[in-house]
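In what comes next, chain A is part of two complexes: it sits with chain B in the first one and with chain C in the second one.
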Partner chain A sequence: MSGVTEGVDLARRDVRDALAAYLVAFADDELLIGHRHSEWTGFAPDIESDIALSSIAQDELGHARLLYDHAGTLLSQSPDELAFGRQPAAFRNAILVERPNGDWGYTIVRLFLYDLADQVRLEALASGSHRPLAELAAAVRREEKYHVSYGEQWLRRLAGGSEVSHNRVQEAYNRAWPEAAGLFEPVKGQQTLLEAGVVTGSASGQMGRWQQSVRDVSTDVGLQVPSAGPQGGGRTGRHSEDLQILVDEMTSVWRSDPKAKW
Partner chain B sequence: MATSQTLNDQIWMALGTVQDPELPVTVTDLGLIHAVTVDGGRVHVTMIPTFSACPAIDVMRQDIRKTLLNVPGVQTVEVELSFAEPWTMARMTERGRQRLLDHGLSVPFRHAQTPVTCPFCGSTNTVLESPFGTTLCRSIYYCRDCRNPIERFKPPPE
Partner chain C sequence: MPRLVELLGKADADASRLFAVLRQDSKSESHVHVGDVHATDAEMALMLAKEQFTRREPCVSLWVVPYSAIGATSYDDPDLFTHVTDKSYRFGGSYREQQRPAGPRRKDR
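After this line comes the complex of A and B, so read on.
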């Protein structure tokens, strides 16, 4: 056996480090988008949206926790330490998910773009060779189909509503698009994982598949897909000031007593 | 081995007393327990959650540990999550389904796709209001006949 777990050579230091980094970045995305969605609890335009965003938030936070669990095993840290015990510069999330919610239009556009990207990313892990992760990714991917259909339904509603709602969604699209493409900025060591078979499909290949699925819906609802290129930085810890504010608030309870048992 | 067979039975009986904290149904009737292995006093339970992000999982894992540690002969208990196969309605027992119906939920059949039935008036003239409900495993429908909102038990998509 000697460190070869379920088809992946975790005895190799470079594979282990790359996997931990990849899972942390993935979990950071899930944690922060979940936190942002949860900010709608009590404030969404109607009660169904309120429940939906709260429910999607709960999904994302739960998925973040499972990913931090796997990463924490490799890094000898607890999920809570990873989620709440790090400085903003140590986060590896894409900038997209740290942005404030803005209006409902931006929230829906971001949710739509994020969850389509998540489907592609989960598929890459589900068809990979690390069995426990592949199984988890397949389960998460199935569950998140509800997010995808929710995002698409609302996008269609807003884009096909009034001129005002259409324009606001288009504006949100222009703003979110480059940072959404930043979700596919490679994490340090991602190439090693590709070669080891833990993820299938290069980052650029994944981005291409995502762009196609976004285009399919956008064309149908008359939204222009922006031409701007990807805006990265998050995967190397270069974040916006929005992250500092978010992390300060999100971690305040944990920091007040890190050893507390709940 | 007669003794470990008995212990195994006792463990399954004990598992049958552990409730889901969000629903009036036991973990065995919900079909969450995939396998139990007993090695001397060491018990290993594999659990298949309905939704991987369900916040009740931790509570149930703790309750399973606590309950099984009270079974004479059990020394250690490990409860592991498994995603190797998806949780589907077929895993729920008929008694579990009946409990959820008694609780006032609309519940899909275990082996067939059928229209959503209103738990109040029995009508199938119902419409989906929102795929998201008060817990991850519930959606909200509306009955067009008796005009009540309906909570529907929602399995993960296949």
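After this line comes the complex of A and C, so read on.
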């Protein structure tokens, strides 16, 4: 643990670049999962879940903004430019979060897998040596607790509801699993951040912790953990076609007048 | 005393999936019924109530109660709450706010 040092040497070019890249990738994940959740507004199975998921969407967009803010300072760009002004190939999100919502089962499985991963990732940052980011991660983590419980409670009920709901959610799980593991595909320069103490724990170490917590809950709710290996690509900009469609829609208002003040 | 489900004409199965939500805004106040949520069980009801009823209001605690567990009086028996003689002496209306003894107020939250 290197949590004792006050800050990180941001005068070092490689550390700065690595940190900016890491934050952008993190923020991209949050922005896109938030956007996908928001697509359920008005369409969720019941009004209670509709409101709850819309709230979670707002939380994730809020986290994205905080992260883009930090990254933007390093890159001399505004959060809006980062979020809406880039081409899909410049996004560094994991492929998991760009996928369409599909059915409620897939949405819940993805939320559950994503938010557990998010917790591991936030812990790695919260125990890191860059004070402002460690504090940010610790604050964000408080909001993420609810997301994890929401995902877990829904997952438990879908898995244990009926044979149909169980099978559908297991099928969604099989589909989401490899791309969820792709959340731990390292971002360019992540090793530099590890050595500088900004994040604690290697990408593979983080993935191991995530898999363990996912396994614990899965066994408990009666779902089979799929065996397929990780499916990456997103962290190097190799995305699916789904991202193009998403970004076109998400940025259409901003592109109509990038200079507008909202 | 009748059960609320009977007064509402609800089936037990439905009533056990309808939860009254009571919110406490600060530790010095009581839990107040603020609305209902549909849920399969109390755990899920709390999960949903958290977003339905604490998005804008402060909250330190939530309770959820299945409608099937609530006993209730009936509107059909207004006599129950009628005062026949003058009982205005109970109202305490002549006390003035400024006469309230000053003392340490309980800390909120």
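Definition applied: the second predicted complex is superposed on the first by the 256 of 262 C-alpha atoms of A that agree within 3 Å, B and C clash if a C-alpha of one lies under 4 Å from a C-alpha of the other, contacts with A are read in each partner's own complex, and residues count from 1 in each chain.
We adopt the following convention: a contact is a pair of C-beta atoms (placed from the backbone, for glycine too) under 8 Å apart; a residue touches a chain by one contact, two chains touch by 3 or more.
Every value quoted in this text rests on a predicted model; they were computed, and no experiment measured them.
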(request) Look at where chain B and chain C land on chain A after superposing the complexes, then choose clash or fit. (result) clash
(message) Quick check on the superposed pair: does A:Val225 touch chain B, chain C, both, or neither? Answer first, second, both or neither.
(response) neither
(request) Applying the touch criterion given at the start, work out whether A:Leu136 contacts chain B, chain C, both or neither, answering first, second, both or neither. (result) first
(message) Quick check on the superposed pair: does A:Arg157 touch chain B, chain C, both, or neither? Answer first, second, both or neither.
(response) second
(message) By residue count, which of the two partners contacts chain A more extensively, chain B or chain C?
(response) B
(message) Once chain A of both complexes is superposed, is A:Lys145 in touch with chain B (first), chain C (second), both, or neither?
(response) first
(message) Once chain A of both complexes is superposed, is A:Glu48 in touch with chain B (first), chain C (second), both, or neither?
(response) both
(request) Under the contact definition given at the top, report the residues of chain A touching chain B in one complex and chain C in the other. (result) 48, 51-52, 55, 146, 149-150
(message) Residue numbers of chain B touching chain A in their complex, please.
(response) 51-55, 82-84, 86, 129-134, 136, 140, 156-158
(request) Provide the residue numbers of chain A that touch chain C in the complex, in ascending order. (result) 46, 48-49, 51-52, 55, 146, 149-150, 153, 157
(message) Which stretch or stretches of chain A touch chain B in the complex?
(response) 48, 51-52, 54-56, 58-63, 65-66, 132, 135-136, 138-140, 142-143, 145-146, 149-150
(message) Considering only the defined contacts, which chain C positions touch chain A in the complex?
(response) 37-40, 43-44, 47-48, 50-52, 55
